[in-house]
Structure formats: C-alpha cells, structure tokens
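One chain, subunit A, links the two complexes that follow: it is found with subunit B in the first and with subunit C in the second.
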Partner chain A sequence: MTESLNVTVDRRDGLAVVYTEGYINNQGGEDIARVAYKLLDEGYKVLLLNLAGTKIVNSIGISILIEIIEKMIEIEGQLGFCCLTPTIEKTFHIMGLAQYARIFPDEQSAVAGLRA
Partner chain B sequence: MAGNAILREVTLTLSMVPDMEIAASKTATAMAEFMKMSPDRIDEVRMAVVEACINAFEHSHSPDHKVYMTFEVLGDKEPESLRITVRDTGVGFLPAEIEEPNIEAKLKAERKRGWGLKIIRGLMDDVEIRSGSDGTTVVMSKSR
Partner chain C sequence: MPGSAPSAAAGVWEELSALSGDDLHERLFLQRLLEEWCAAHGAAGAALYLRPPAGGALELELAAGEGHFPEELDAAETPARSLPLPGGLLSFEPAVAAAGSHPLALLLAATAKCCRLRRQLKDQHFQVNYRGVELEALYDVGLAVAATLDLEQLSEEILLRAASLLDARRGALYLVADGHYRAERTFGGDAGLSFAADDRELQAFLSGGAPAPADLLPGARHLLGVAIEIESSPRGFLAVGDKESRRGVGPFPPGDRRTLGLFANQAAIALENARLHRQALEKERLERELDLAAEIQRQILPKGAPEVTGFDLVGWNRPARQVGGDYYDLLPLAGGRVSLVLGDVSGKGMPAALMVSTLHSALRLLLDRAGLGPEFLERLNTHILESSASNKFITLLLAELDPSSGHLQYLNAGHNPGLLLRRDGGVEELGSGGIPLGLLPGSRYESRDVVVQPGDLVCIYSDGITEAEAPDDEEFGTERLLACLRRHRNRPLQAVVDEIDEATIRFAAGLPQRDDQTLILLRRQEA
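This part shows the complex of A and B:
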C-alpha cells in the first residue's frame, strides 16, 4: 500500500507553477523537490506550489518543502503556495512556514502577488 | 465538559509499513463522521493521527513493529468528543527533553524534521503523552 503523488509543471514567463495531486509524504516531498530544483536549474526563481489536488500531507513531506524554502532564500527567489486546505494552511502556520513562503487562497491571486 | 461514557469504540492494530498511517486516518475519519464533526475538524484529526502514527513508526523501535490504536466516541447521550489512543511497545522517550522545533532554526539545520508533536498539539484540543521503557502512549482528544 503506497500512496503516490503526481507532480506536473506549467512553465510561464518568469514563473513556474507546480501542481500536486495526492499525499505529500516522504516520497511525495522528494518528488516535489526534484521538480523544484530542476526548475531552479532552468533559471526559474519564482515558484508557485498549487496544492489543490493534495488533501493530506505529513511532517516529513513538509520538512522537504522547508529544504526548498531554504534553497529559495539562498538564491533570493520566491516560493508561494496556493489552494491549501484549511488544515494544511493551519499546519503551515503552526510550523511557521508562512513567515518564509507566501500563502494565497487561489492561483490567480498567487500569480499576481508573486509577480508584483 | 464532555461526558465520559464510551458511545462507540474501534480498535486497530497497524503494522509499521509505509503509508499505513493512511489506514488509521480513514478509521479516524469514519469515527469523526459518525459523531458529525465538521469537515475541517475531521481533517485536523486525520492529520494528527497521521503524525502520531509516523512518530511511532519512526522513533519507537518497537520490537513487535506494531502500533495499537483505540478510537473512542465519548459523550452522555450524544457524541461530544473523539479520543484517540496511539500506543507502541518501543523504547520510549522523555517528552520534557524534546526541544520544540522552530522554523528559523530548522532552516539553518541539516535535519529539518521533528515537527510531529508540535503539529499534534496544534491540531487537537488535548494531548497527553505517557512514555517509559515499555513504550509510549499518546492520548489525544478533540471535541465535536
């Protein structure tokens, strides 16, 4: 029994949106990190993680997201999240992620906010 | 104050294999739905259950490689709260010696994990941890 995560990317002008679908656990976090670091290698410094398709995460998966935040700080890039369930958003606040990554209610406001 | 009568009880024994925490979260969801908990609160219970299971899987070193769970709906006549007990037979730990994680330190640290208890405490109403050389028991509750 292994829960899988699907990760897809939409590359736009100067910004990449990463969509997840499924459980963000250890493996899911690694899958997101692999995609994020590839985008950084391609020159994208602004990433948006759209978690509309993710209803559950665990702290191991989120710890890997913290590694991505650390990398974004290093390169002076920006990481945003959008479309979080209320519980995932609450968890991000409990952990303090909201201090280092912006959280938006929807993709439209996220793209506008990250480009501003 | 919630009534103490047990209106419904389910026990579950989980093997410590990857993603088994999802099975526990499904049982928690079924119990919370039975007591008509709001969807957002059910989600919070699910997440806390996932974290409690992962903590046991990762840190208990239980010789039997199992986690024992009890889900109890408490109340007088109507369901008032859900109490979930997560027990392992592992090596135990001293809860007072667990340093509370913070994001500033974790961003600089090589090891970014160690958030489970903080998340559980943030999502549930009450959390009690008993731990010793014969294992760890986490009892967590959330009202309807």
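This part shows the complex of A and C:
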C-alpha cells in the first residue's frame, strides 16, 4: 500500500475520464487538480473522475475536489464521479459534493449520463 | 461610487458589477479592484494584507502587478510604502502620492474582509460536515461488528478509516499475538515489525506521555497512538503519523487523540468479534477433521472377527476421544491361519490417529510380504522410525495362530503382556521381547511360542483397561481383569467383553475414560 496517487487520463471526444489509484490526500488531490485544470485548458468541459482504484480520501483531498467542482461551475462545465466505494460515496454526500457533481455507479452509466 | 473613482472607465464598473452579482466571483472582483487602484495611483504593483482573526502576522490576501510581496508580514514591521486599512494594509511599489485618499482602497479592504468572512463560514461549514463524516465512520465501524467477521478485511477497514479521518499520511494497526504487538496492517509506508507487550516506551507513548518508539513508523515526524483494549486487556493499538494540511504535515491536535480513542473502542469490539469468529471457524474445521479421522479409523478397525476353525475370536475397541491411538486387527492368512494385532500409539487424538494409520498400512504391506519373525518387527521398527515424529512410539503385540495345532507364535514390542488363562486356572504371560517400535534404530525383537489348548483363553489388551482409574487414583489393574476373565470365561466372548467394559466403568465411578481401551479375546473350543 502506498501513500502516492497514480492519475491517468483517457480523452474521449470532448469528455475526459480521469482514473485515480491510491490515497486522495493533499498530494493526491493536487495531482488530480493539476490534471483536471490541464484538461480544462485543453478545452474539455466534461470530466469524469473514476475512483475505482481509490479506497481512501481525507479532508484535504475532499477540499481540493470541492475546488475542482467550483472551477467546473465557474466555467459551466460538468464533473461526475463513478465507481466509488460505499464509504467514499457516503462521505461525498455528507460533504455536499453530491449536490454539485453527479455520482454514478459505473463508468458506462457515467459516460452516458454526462453526455446526455 | 463611480463618480468618486476618476480613473475608472464606465466599462470597468460594469465589469465589477457583473462580477459582484448573486454568484460573487470574489477573486476576480478583488483582482480588478486592486488593478484599478494601481492604475488610479500609478503604482506598478500592490498587495492586500489582512490580519487573521486569531491575530499574529498579516497574511497576503492578493497581489496585482509587479513587486515583491511576501506571504506574511510581521505586524511590527510595516513596509515603508504601505497604506493602513481597517483590518490590514495595502502594500505597493513604487512610492505613489495621495495613496490614502482614494475610496477604492477602502472598498477593496471592506470587500476583501467580507470575502474572507465568507471563506471562513465556508470552512466552518466544511468542518461541521466533516464532523458528520467522523460520526458516520464511528457508526460504520460499529456496524462492521455485525457485518464483517473477516479479520484481515476488518483490519484494513479500521486502519484506512482512522487514517482518513485524522488526515494522516501514515498508519499502522498492531494486534497482540504470543505476547507481542505485531503489525497486522500498515498504511503509507513500513512499520516496526513487533514490540513486546510490556514495552514501557510503547506503553508510555500509547498513554500520551512520551514520544513514539523510533521504529514504530520510520520516517514519520509526528505520531499519535492509542491502545485497543477489551475490558482493560490489551488487544493491540492504532498508530497514525504526520497530520496533513494544505501547507504540509504537522502534529495531531489534542482532539485527535479523543477521536482515535473512540475509534479504537469501536474497533476493539469489531476485532474481538472477528477473532472469536475465526476461533470458532478453526474449531469447527478441527471438529470436521476429527470426524473424518474417526471415520477413517472406524474403516481401519475390523468390522468383525474372521471364522477360525475350533476357536472363538472377538475384538473390541473404544477410543477415549473421537479418534484414538489404540489399534487392533484380526487378519485371516493363508492356510486358515489368523493374525492378531494390538498396538498402542503414545499420545491420543489426531497425532496418534495418524500413527495408527501408518501402522495399519505398514502391517498390511509387510504381513503380505514376509512371514512373522523377529525381522518382521525390525523392518516395521525402521519404517515407523522413518515416518513418524521423534517423540512418538508404538507398543505392539503381534501373534499368529495356526488353528489346526493351536500353535501361537507371538512378538511383543514393549506392550503389556497378553494373558493366557489355562483351562486348569493357571495364567501365563505373553511377555515382552523387545522395546516399543519407533524408539531406536536397529532394535532387536524376540519371537516366542505357546500352544493354546482346548478351553484355554487368550486375552490381549491395551493399558487403557488396566490403568482405568477410580476417584481415589487406584488403577483397575491386571488382577481385576483376570478376575473378570475367570468369572466369565465360559460365556460367549462378546459377553466377556461387555462384563470387562462394565467392570471398568463401575470402577471409574463416573470419571471419564482417560485412555483408549482395546481387547482381543481368543478361546479354543473344547474338543
């Protein structure tokens, strides 16, 4: 088990899927934010964060995800999450992330939902 | 307001107005105000500093244009080129005239303070929500008591939740095993492998009175640990390291010890349930194995006695546990002969049963290949030595009867002597002719012969019968066995067995059977 986070991106015709693997903490959150803002600079306004490889997120990581959500609202883009563990999904609901970003059970339904 | 801002073009105020609508774009709004202030006063750059609510150094809120503006300003070191504002100051470069007269500066400071207040409210809202996450986590671990009985899965769940709740970069869960705390799960890096349960340095750390042992989470600068206990009995401990913030890592505040302690309390119950569940599963598995072993042993023991012309023959066995260390066999051989075998493996239970199985296989194999004689037991001894644990041995009485002549050849490897009750009441012993099998390599054995006459009764037995104990520790003994045999010698052999069994049970007076009991009775019919 490592504390670092691996982030990979799959660009798909106007929609980018960001895959994470590891701990979303301060460093991990910054890594996601860097990738997300780069995608916005490239013109992607619809982002999907697939957290299938993440079992743990802390409050710093959540605050950075909220900043990404605020940025997406600012540019009138869309952000979705998918493949969350039950614990992370519950955390996102309590912390209010689910009010401003959509949560999907799997990647297929997320891509379809964000494109609709 | 626009009238009092001579350098601001009408377009700028429209732009600021748009930025300050319902959804205030605060950073852009303040940035534009600061840029307008610089333009109005001919400054190359400026920075707004605000005093934090708790006091201390002024913090950089935002900057525009050129110039060096540090992140913090000591309140006692006001820059030469600065304008005091309510709750902070405006620093600028280079020197400009009439800096204090412009209302934009006041507007900028007031708006920045409002925005900061808004952020503070947002942060507090975040903290309140996160307290909800903490409570949910505690609740969830409580639920896991009922839902998760897999110790490994539960350990990971507990450690990950503790680390995320406390914003820890590192963590480890230790559980007590064999008088030591051993690392069950680690997170974010390695942990020390184990600590003695009575390690004073560790105990002092867990009680909050001393720094952590150096090798607990190597590389972590700030550690927090709490004990996991069930009714004051240590079951393990939880340790986390390096609390994260946006600025890096730091120590855990005092409230985190309480949170981790609550978490450890919940975890203790969950872990104890998982441990008990694992124990129950292990016991169940052992029971299944014992049932299987008992079934195998039942298959090994003869279902009945073979017909032997001119003789009555019976065998009987009752193990003290599910599986036993006694073994007997009644094996018909060529020419109407029959082999009688009674062995007693040291110990009881599963290890003894495995030895019984080994003995049975070897006997069957060797009896088919070699005739009965000293070399037979010598080969058997070698085989047992090679295939058993060093502390295991077998006593064995092996006899072969030729029913046509009544000739009985026997070999006794350290077994208690068999008894031959002559028709006239005399008793002869089928005594030992060597040491038990499996003790020493190269052991030698002696073959002996007797002739069983009409009316004679042979009894081969295990020490579970003669060593059956009464409540006063007295043993049943050979004399009581002989008395039983004498009293019932003319009855059907199964009835004789039943009488001996009942006699030992009566003698034990309710005490449980301590050792396996086995009997072989052979009687030559009257001519």
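One rule holds for everything that comes next: the second predicted complex is superposed on the first by the 114 of 116 C-alpha atoms of A that agree within 3 Å, B and C clash if a C-alpha of one lies under 4 Å from a C-alpha of the other, contacts with A are read in each partner's own complex, and residues count from 1 in each chain.
Convention: a contact is a pair of C-beta atoms (placed from the backbone, for glycine too) under 8 Å apart; a residue touches a chain by one contact, two chains touch by 3 or more.
Quick caveat, the model's predicted, so the values are computed rather than measured.
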Using the superposition on subunit A, decide if subunit B and subunit C clash or fit. clash
Identify the partner contact of A:70: answer first if only subunit B is touched, second if only subunit C is, both if each is, neither if none is. first
Scan A:103 for contacts with subunit B and subunit C and give back first, second, both or neither. neither
Using the touch definition from the top, say if A:9 reaches subunit B (first), subunit C (second), both or neither. neither
So, does A:33 touch the first partner subunit B, the second partner subunit C, both, or neither? neither
Could you say whether A:52 touches subunit B, subunit C, both of them, or neither, answering first, second, both or neither? neither
Which superposed partner A:95 touches (first subunit B, second subunit C, both, neither): both
For subunit A, which side has the bigger count of touched residues, subunit B or subunit C? B
Examine A:25 and indicate which partner it touches, taking first as subunit B and second as subunit C; both and neither are also allowed. both
Overlap of the subunit B and subunit C interfaces on subunit A comprises residues 1-3, 23, 25, 55-60, 62-63, 66, 87, 90-91, 94-96
Enumerate the contact residues on subunit B facing subunit A in the complex. 17-23, 25, 40, 43-44, 46-47, 50-51, 54, 101-104, 106-107, 112-113, 115-116, 118-119, 122-123
Flag every residue of subunit C that touches subunit A in the complex, lowest number first. 25, 126, 129-130, 132-133, 136-137, 140, 160-161, 163-165, 167-170, 186-189, 244-246, 248
Subunit C contact footprint on subunit A (complex, rising order): 1-3, 23, 25-26, 55-60, 62-63, 66, 74, 87, 90-91, 94-96
Contact footprint of subunit B on subunit A as seen in their complex: 1-3, 23, 25, 55-60, 62-64, 66-67, 69-70, 73, 85-88, 90-91, 94-97, 99-100
